[in-house]
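Look for subunit A in each of the two complexes below; its partner is subunit B in the first and subunit C in the second.
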Partner chain A sequence: MKLSCLQENLSKGLGIVSRAVATRTTLPITTNVLLATDQGRLKLVATNLEIAIVTWVGAKIEEEGAITVPSRVLGEFVNSLPNDQVDLKLAPATKSLEIKCARFEARISGMDAEDFPPIPEIDEGTVARIDAGVFSQSLTRVVFAAATEDSRPVLTGVNADFDGKMVTLAAADGFRLSVDKVALLEPVAESVSVIIPARALTEVNRLIGDSSDPVVITVNPAKSQVLFTMDNVRLISQLVQGNFPNYSQLIPQGHSTRTLVDAEEFLRATRAASIFARDASGIVRLQVDPGDNGLGRLTISARAEEVGDDQGDIDAKVEGEEAKIAFNAKYLSDILSVLAKGEVVLETTNPSSPGLIRPGGDTDYVHVVMPMFVQW
Partner chain B sequence: MTIGDGPQRCILHADLDAFYASVEQMDRPELKGKPVLVGGPPEKRGVVAACSYEARAFGIHSAMPMRTAVARCPRAIVVPPRFDRYRELSRQVMDIFKSLTNLVEPLSLDEAFLDVTGAVASSGAAPVHLARELKSTVTTKVGLTISVGVAASKSVAKIASDMDKPDGLVVVDPGQEGAFLAPLPIRKLSGIGPKTEERLRRHGIATLGDLASRSDDWLTREFGKRGPELAALSRGQDARSVAVHRAAKSISAEITFPQDISDPHELGLQLDRLCQRVAARLQHSPTPGRTVTLKLRLADFSTFTRSATPGVPPRDALALGRVAHGLLEREVESGRRFRLLGVGVSGFVEQRQPPLFDL
Partner chain C sequence: MWKIIGHERVVEALRRSVEQGRVSHANLFTGPPMIGKATLAMNLAQALNCLGEERPCGECVQCRRIRESKHADVQVIRLGPGLDEDDDSHKAILTEQIEGLQQAAALQPFEGRAKVFIIEAAELMSAAAANRLLKTLEEPPATVYMVLLADDQRRLLPTVTSRCRVYELRPVPLETIETALTRDHAVDAPEARRLARLAEGRPGWALAAARDAAVLEDREEDLNEIVELVSQSDHQRLAVAARMANRFGRRRAEVGQWLGLLLQWWRDLLLVKGGRPEMAVNADRLETLEETAAELSLQAIADALRRVEEAADHLERNVNPRLALEVLMLHLPVAGQRQAALAPAG
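== the complex of A and B ==
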């Protein structure tokens, strides 16, 4: 293998695949990145066996070949180089990669490319195409609600239900649930429902970045793997096997109070209350005062026995009766952070029933969160 | 703490009558109308876990040594417990409770508190009708009878359910709590055990009315802050709400040995088995318990406990065993014969965030 490319492009490519490099592993080669010539370009691959990321870097190939080298060493070294041409050459006898750039030279010991785990080719199955911006916003609003503990594996994933021209994404961790339904660019040939690891989708969202190219999602016929094809990058993930809980019954169908407030003001008041909630089991109390003619008030407060207390008021448009409900400060600020701007709607029934939070305006997104038990 | 400004609370305490024994009589019709004792066999130092009403006529009650029970009623039929079956039926009954209100606080397999304030308000039905309906639903659907107490607070409802067993229904109207409780012996109040009863009796307090009439100052002097709390309960004042997700206060297991044990090695093996049983249940606890308690009973029936609170709360049998063995080692001396060994974990942090759905 012998080729040359630009430091800037190589550095960017290594940064992209580094997200899939294994950190703790029993298979040492998975801490390496695979470099291989591929149809006039340099292909970079990394995998932790749950996900794999593949990207390509423009290069001038003089000799075909492939090698794997420790991702961290190569990445850090390339990052420290000036933005100039980089020459890469494999020394087969020593299985090492020689790197030359400006007046720098390095040799990094590697391992055979043949020993690198094979990355599955997914070239058939159910294909869905979705707008990058739409998909990214939906992932931001759903993925955070997935469980981070492995005690129930299906909940560490996001349930993706492709049906006709829509995809419904849902994540839940036992205390909260996020569901969003967004349009695909064209209908899928057949309905398919899979559970995609939240970690994989977090990476997909990061990889979409500012790109405006549609994301192509391919689920293999065995429904064991999924491929996301983005601009010059592919991410392949194992799917979580199992049954996702039937979440539709968890979404409250009615409410006794509907409170409309500004998302940023709500988040600011929640963050202020969180400071005191830290020492009070995370409890943040919300009180809704309908006021006159629907011009009411939402009061966000927290009280820690030995620290102190705080209270913040924000303007609210209220339909229905006055209401009290307490939430975990983290859950509340998590959802308000992803809604970020504009109006947010809080629908409540009583202090012990789940609350429903959604953005104002026309959207199919809902977030359901279980309140905390408090003495009022 | 205040009760809140809401409507008059309405709480039911529902208790399955002689639960285990009734299940055995239901599943095996030949046992109907006969004295039935559920528990371990008398020759193995078994204890009565439950007894049918026919057996109670002989003065038999639960927790009595099986040997004593059989002596009182030699023709009683001793049946080994089938906990899986009891759990299954308990779940069916609790599901019926939950169809009436989602505020159900199970206290054990056979009893629960139900806050039906909402159901009363929305249906407009009198509480007594709801209670009657609940009783007949349980009898038709499961085949067992329950006794129900209806009151504005948990403690009064619990006492009421016990007043007319079996298949009873006692309603204490709001405002009548004091009059209802006054003539009752103090032991009826949950929270007053034999020791507290003895101390109260020494002061001439025999009924809940006696207790209710004492001043808080005097009670505080004699009994500390628990005094006024008990007196408030004896007046029917109890603001505690029905806690749907009540975290376990302690998880424990104990064994009475068929023969007394003095060999340290054998005691250690028994302790390991108990630790494994407790650890298996600990896995289901949402929060870890901080305190490990060892319970010991010697051949002369003297009973005592030893506790330790390790820096890291134990979550598995190994960690629990380390602490428990440390406690046991200090108590084992030559010639000391142990009749019972128990191990428990307590000091659970209160769980205030209920789940959206069961994991």
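== the complex of A and C ==
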């Protein structure tokens, strides 16, 4: 293998794939990044056996070849080089990669490319295309609700249900549930339902970045892997085995109070209350006062015995009766942070039934939070 | 072809379950160290992923990658390296390792058909780790197979064993090991015979010794020391105990092996004393065995054997290793020159 490319491009490419490099692993080669010549370009690959990321860097190839070298060493070294031409050369006898750039020279010991886990080629299966902005917003609103610890593995994933022209994404951790239904660019050939690891989707969201090119999602026929094709980057994720719980019955169908408030004001008051809630099992109390003519008030308060208490009022348009409910401060600020701007709707029935939060306006997104039981 | 020396019955049972697609998702292989548990587990992992006709074929890309420990779906969980004193990872398999396993088990296989997790020395799982594993053992995802390896089934939690299909590997007949060594591993006949006898039914040990001369050299060195113990002063014996206790802190298994060798030597002494020298493992030292045995009573030899077993048991129960080994050393019978030296005074 012998080629040259630009430091800037190589550094960017290594940065992209480094997100998939394994940290703790039983297979040492997965801490390496694979470099291979591929149709006139340099292909970079990393995998932690859960996800794999592949990207390409423009290069002038003189000799074909492939090698794997430790991702951290190569990444850090390339980052420290000046923005100039980088020459890469494989010394097959020692399995080391020689790097030359400006007046720098380095040799990094590697391992055989053949020993690298084979990255699945997914060239058939169910294909869905989706607008990058729509997908990114949906991921932001859903993925955070997935469980992080693994006592129930299916909950560490996001259920993706492709049906006709729509995809429904759902994540839950036992205390909260996020469901979003968004449009695909064209209908899928057959409906398919898979559980994608939340970590993989977080990376997909990061990789979409500001790109506006549609994201192509391919689920392989065996329903064991999913491929996300983005601008010059591919992410392949193993799917989670098992059945996602039937969540539709968890979404409250009715409510006795509907409160419409400004998202930013609600978030500010919640964050203020969190300061006291920290020492009070995270409890934040919400009280809804319908007021006159629908011009009511939402009071957000928290009280910690040893520390003190706070209370914040915000304007609210209220339909229905007076209500009170308590939530965990973290869950409340998580959901309000991802909704960010505009109006949010809070629908409640009674202090012991789940609350439903959704953005104001026309959307299929819903977020359900379990209440906390408190003495009022 | 299953590539393993001996264990025909277990292999046949596994072969049939692979053929019928009825391999248990939770398996436990038990038997003494180096008897073939890990080899059998590797073969099973190959059989479950093999692309060939007769599984495992040993030649397809899946079989090859599994054999070379490069397969992404076959993971071996074992004791960590234990980098310093505070690090417990060389004493027990930790909860974090089991959690890592469960995280990987939740995903579909990466490159093969089945995910196989092999837990080496499963008896070393901490109680918390073992309990963490129960749920996975009980209802693993469809593509996941667990293989636990353990010296002794009784040292595992009953809740673990009851969830596994247990395959017990017994010592392999001397002739089987001897034949395998000469036929498949190009070992000379006399050497094969000697290794097969010293292996005590453990093909893995015979193979390791055939491949690496150092195995036999280390054994000889340890045995020389063990042979001399009987004629050594208390002072010398305590020095041995101190050295072994020190080794125990870092590499537990080595001390276990040393005790095994000690037990073997005293068993040989008992056999010689009892008039069955042809059954002695250390037949190449028959002369020394006879000399030592002549100076000791049957009772003394039997006591020594009991003491060694007791010490091994104490070490397992986390008795202070130095104390346990010192007690053992002080209780081993006295013979040879030392006895002669003591005799006039006594």
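Just so we're on the same page, the second predicted complex is superposed on the first by the 376 of 376 C-alpha atoms of A that agree within 3 Å, B and C clash if a C-alpha of one lies under 4 Å from a C-alpha of the other, contacts with A are read in each partner's own complex, and residues count from 1 in each chain.
The rule is simple: a contact is a pair of C-beta atoms (placed from the backbone, for glycine too) under 8 Å apart; a residue touches a chain by one contact, two chains touch by 3 or more.
Remember, predicted model here, so these are calculated numbers, not experimental data.
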| item | value |
| --- | --- |
| Three-chain arrangement built on subunit A, subunit B and subunit C clash or fit | fit |
| Which of subunit B and subunit C A:S224 touches, first, second, both or neither | second |
| Subunit B versus subunit C as contact partner of A:N293, first or second or both or neither | neither |
| Touched partner set for A:Q253, first subunit B, second subunit C, both or neither | neither |
| Partner chain(s) touched by A:Q238 [first = subunit B, second = subunit C, both, neither] | second |
| Touching partner for A:P197 - first (subunit B), second (subunit C), both, neither | second |
| First, second, both or neither for A:P118, with subunit B first and subunit C second | second |
| Touching partner for A:S352 - first (subunit B), second (subunit C), both, neither | first |
| Touched partner set for A:W376, first subunit B, second subunit C, both or neither | first |
| Distance of closest approach, subunit C and subunit B, by C-alpha atoms in Å | 5 |
| Subunit B/subunit C common contact set on subunit A | none |
| In the complex, subunit B residues that touch subunit A | 1, 4, 102-103, 243-245, 350, 352-357, 359 |
| Complex contacts: residues of subunit A adjacent to subunit C | 24, 26-27, 29-30, 49-50, 115, 117-118, 120, 150, 153-154, 156, 197, 222-225, 238-242 |
| Touching residues (chain side subunit A, partner subunit B) in the complex | 151-152, 155, 172, 174-177, 245, 247, 250, 281-283, 328, 352, 354, 368-370, 372-376 |
| Subunit A-touching residues of subunit C, taken from the complex the two chains share | 68, 70, 72, 75-77, 99-100, 102-111, 141-144 |
